[in-house]
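Take a look at the structures below.
You will see two complexes here that share chain A, one where it goes with chain B and one where it goes with chain C.
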Partner chain A sequence: MTDDTSTPATGWLDTRLPFLRPFCRHMARFPMPPVNLFWTLGACLLVAFGLMFVSGLFLSLHYQPDLARAFDSVEAIERRVPSGWLIRSLHTGGVSMLFAALYLHVGRGLWYGSYKAPRELVWLSGLFMMLLFMTTAFAGYVLPWGQMSYWGATVITHAVEAIPGIGHGLLVYLLGEDTLGGIALHRFFILHFTLGFIIAAVIGLHVLCLHGTGSSNPTLDGPRPDRTTRPFAPFHMVKDCLAVCVFLALFAVLVFFLPELLGELDNVIPANPLKTPADITPEWYLAPWFAMLRAIPSRLGGLAAAAASLLVLFILPWLDRSPCHNATFRPLVRVGMGLFFVAFFTLILAGLHGATPLWVWLSRLAMLVWFLVFLVVLPLSAYRERKKAGSSSRGETP
Partner chain B sequence: MTQKHDASVPHPSLGEEGSLLPRPTRRTVLTAGSAVLGGAGACTLAVPFLDSLRRTQASSAASTQEEAVMDVSVQDLDPGAHKIVVWQGLPVAIQHRTPEMIRALEDPALLAQLADPQSHTTQQPREAENPHRSLRAEYGVYVTICTHLGCVPNYRNIQSLPASGGFFCPCHGSQFDGAGRVLRNMPAPYNLPVPPLHFVDDHTIRLGESTISPHYSMNSIQQL
Partner chain C sequence: MKKLHALLTCTALMMAMCPPSLADTDEPITPIQKSPPPAEPPPPMRPEERGLMIFQQVCSSCHSMERAHYGDMITLQPSVTALQHWAQQRHAGLESPIASPYPSVAVGKANNGGDYPPDLSHIARTIRGGPDYIRQMLAGYRPVPPGVTLAPHTYYNPVALTHHHRFKMRPPLHEGMITFPDGTQATIPQMASDVTAFLQWADDAHRSTRRFIGTAVLLYLALLGGMLIALWRLLKKEA
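Presenting the complex of A and B:
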């Protein structure tokens, strides 16, 4: 299993751990198509996840998942644990950085058709990971046991009650008691902690899937297709490093200069089960689905719509079977995807604003766009493109 | 010791024909520079994480200072009996010795078995550097934390001379005599420490304060 570049030291390792060196070589010489800067978001996400993982581990050394002590232990982390304020800022600011990069990463996949065959598993493992991240973020937000933690968790767990028949029983089973209390808090902590490790494993799976098929090539559908590939190291590695540097610089600005920009003031008030805060506001990265729950005048309907909005992404590779990938060269999809991005942004804003008629109606409109783009525009465009490709290929080879 | 360069011999680092090192390319320099900077960044990032493991500052509510000085009444302690009190989180054994126990502590047969019979190692204040290792011969007071690895020895007579009393550590079998002196060839290296103390009256021991050696404290001893 050795090759010409092995030294005595690496040769020793090669003999005993034979998959390591081929794997490293595969990573370093991984042929990369001529991708643009949007393909560096994965590296940023990896760095963001690493920081979340490490800061989370260190926070868990000081956090106490106990009804009476959770809030105080978080306060102690902020005020008395040496450098605790910095580690917590990294963790609470990191989640916003992570989701910003995550949504851009998914948006990149949508625009450039990275979900298509043969990359279905890359797309599905990524979406699965996104759901895990959302669950982890939600569970983590409960842990400080402030007013927003408590009432956010109350609202979301009661959404489970909307499931017909088993709803209430399931809720009590998940909480371990009738109301949101100490048992549930402990479960949220263990869930949050464990999901970090599960996500780490799914990241491995995601990267493995990618290396099976290779990165998608954004130039293939254009007027000048470029099929040249370059090894990942050093060309794309350096590019990733540059993107990570910029990402970390923004991260540092958020952590050091704007630590309270994305925090909710209500969450520095200890949880009070008898007083709901005046306006319940979700974190921005979960705001779209919060807006959906609110826009549908039915408890089960809201839950179903929010779930369907995510599920529709899972069947995307089969909804859009056009041979064409890049939305830049698909006029209909270009407009559709543009509208979807606007709709997504609108839903974030709607979730962060009060439930006024304007925002509720904007949410409904945005949801309509969301489903129309994926269920109508994409399949329609794919149908037309397949027909065109079929006729042109028949024309070329009579 | 100045050395003159011969212009005809190329300096190795210049990477001329037949040199030892290749000429560093622009890429080598940039790669090495980035790696060094990145490594420095990673080390800097590690600082707050390692910092957070330091002792947490006590909150004002939790900082209930334990009494540095504690009075213990020995009125109820009959000759031959002993009791354990907790002083500053340390277990302290107080024994009321019978005259024959005091005599047994000076038995040459016992002294021959001890590692430090004369209490040369500073495990006690000056006033306890005597055959009975205590301020008053009738009362032996010892911090019962084994000097081996910190377990708490039980009060139990040593087998070789039961009359002297003794302590036995359940963890690794170290034996001490009734004056807290460790026997030879035991895992524990030192005698049990004697806390600073003085007698307020005949029946009250004040732990934490010595009138004869005012500077003696648990920080003065060789090993707790």
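Presenting the complex of A and C:
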């Protein structure tokens, strides 16, 4: 406590929470390499999560996780709860904004090699959080108990049945009864509500991991490596705020001016287990994996492929052990990552379209690209680069 | 001091003289009744307000709007008494959903040539073709062309999507069937357009508020963004 500007209040806090001042100082002076605008997505995600968390808490005050009342309570939030429509549109629009930022954030990590040593834990905690987000979004989409909620949940939960041997038993155990009903709805609500708090904790873990190793530096592999750092505050703080401002503006345009883009078309019809909608479309952020489930004729195969597509991301730090990070300066990886982004986008479109032969074959092709890039292109490129670089570890950031 | 005294006296005198008629006569006090001047035109109504009148008098005799309560219409019909009256006519209260007039689906079907009148809560969003379809379909009834035979309780509507133009809904709108207080002529296209506006409102009642808040939010963010850009450039220059 050598600080000269300690007002009585902070002095009082300092003696009781001695780590507070070092912590704040660490956050403010955290050395940032010369990162570009893609490094502001984390701040956008934090804000998006905060908005989802707060709006979700307010919605949970009025939502009733009950088979008979769930749909009506959502309608009551829209029509009768003061500003309920506003909070709900922030929550339903926020999920799209959150996933858009999340996928860009992950894409940035892939392109700039942020998953590599020594940042494996940052990558793994982030991927774990992505899985949590996907689960939360899925559980949340079930809650309004509209037609699409019900049938989307039916399709996805019944994918569990494909697990050989224990499939059906597991499904019944998870749903609490033979079919998707009141018990499952209650469980989905608890899952959705609890996961919000769990994600908040994992965000803390993610930031903790990041602050252990520092941000990756996109210039190191380039012709002019720039090893200068500057403290996080005030420059990067203002930059992050600026990015958040732009992010919120896009958020506002989506929520306030283009609400029909969010596509709740069939979800304003109450769930009817006797009437399957014409086509079951998932939300866009889960569409890639829905397309994968559909692309493989066998149910178990589809489930395995969808799971493998996510698991392969977890072993990425060990698949690509090249000293180079930035895909811009790795010709093979640049093409591979470009193809992967195209494949991901194709899978989103395929999931949103009907299961016509064209889209099924396109999603098979995209899946092939997905696995080829991660299992063949990246290790191959890493092997060549390691050979080229010899045993030296050029480009390793401190 | 003299001036003040004079002023007080004057005030007291005026107060005493002001209501001479009331003080002198034994007539009971009657509230002053303001009759509206007849020359003043009635206030213009929004299309969805006229649409609510049509819904109350026409649509709701077959269709339900389960997701909305009678009281929700307060934005379009500011008189609580009128809404209460409407709800009571249908044996309901302000806080009950606008239910179907039919006791069961079977009765509803039997009364409408076999098709149950759909719920109108979100019809503007869920029906194929959306509001444009509703507007054209409501005004789309035509005389039966030669060569077309219609089953009983079936009506010819070339716009309608079901049953090959042999529509089960009775032509709901007729010229001049409603007298709008604002003097709007109750023509069929006018009423079709008004009731569509109402159905859009019923599907998404916060459209205009949403736009207003959105504009305010964007303006605020633009201001904040401008300041942050200025700050960012300043910090960039310093470094």
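The criterion applied here is as follows: the second predicted complex is superposed on the first by the 387 of 398 C-alpha atoms of A that agree within 3 Å, B and C clash if a C-alpha of one lies under 4 Å from a C-alpha of the other, contacts with A are read in each partner's own complex, and residues count from 1 in each chain.
Quick note on the criterion: a residue touches a chain if its C-beta (ideal position, glycine included) is under 8 Å from a C-beta of that chain, and two chains touch if they have at least 3 such contacts.
These numbers were taken from a predicted model, which means no experiment stands behind them.
When the two complexes are overlaid on their common chain A, residue A:230 makes contact with chain C while staying clear of chain B.
When the two complexes are overlaid on their common chain A, residue A:259 makes contact with chain C while staying clear of chain B. In the superposed model, A:241 makes contact with both chain B and chain C.
Residue contacts after overlaying the shared chain place A:249 against chain C, while chain B stays out of touching range.
Of the two partner chains placed by the overlay, only chain B lies in contact with A:61; chain C stays clear of it.
Of the two partner chains placed around the shared chain by superposition, neither chain B nor chain C is touched by A:284. Of the two partner chains placed around the shared chain by superposition, chain B is the only one that A:87 touches, whereas chain C remains out of contact.
With both complexes superposed, C is the one of chain B and chain C in contact with more chain A residues. Residue contacts after overlaying the shared chain place A:128 against neither chain B nor chain C.
For the contact definition in use here, the residues of chain A common to its chain B contact set and its chain C contact set are 80, 86, 234, 241. Put simply, chain C touches chain A in their complex at residues 67-69, 72, 121-122, 125-126, 203-206, 210-211, 213-215, 217-218, 221-222, 224-225, 228-229, 231-232, 235-236, 239. By the touch rule above, chain A contacts chain C in their complex via residues 72, 75, 79-80, 85-86, 89, 230, 234-235, 238-239, 241-242, 245-246, 248-249, 252-253, 255-257, 259, 265-266, 268-269. Looking at the complex, you find that chain A touches chain B at residues 54-55, 58, 61-62, 76, 80-84, 86-87, 234, 241. For chain B in complex with chain A, the touching residues are 27, 31, 34, 38, 47-49, 51-54, 56-59.
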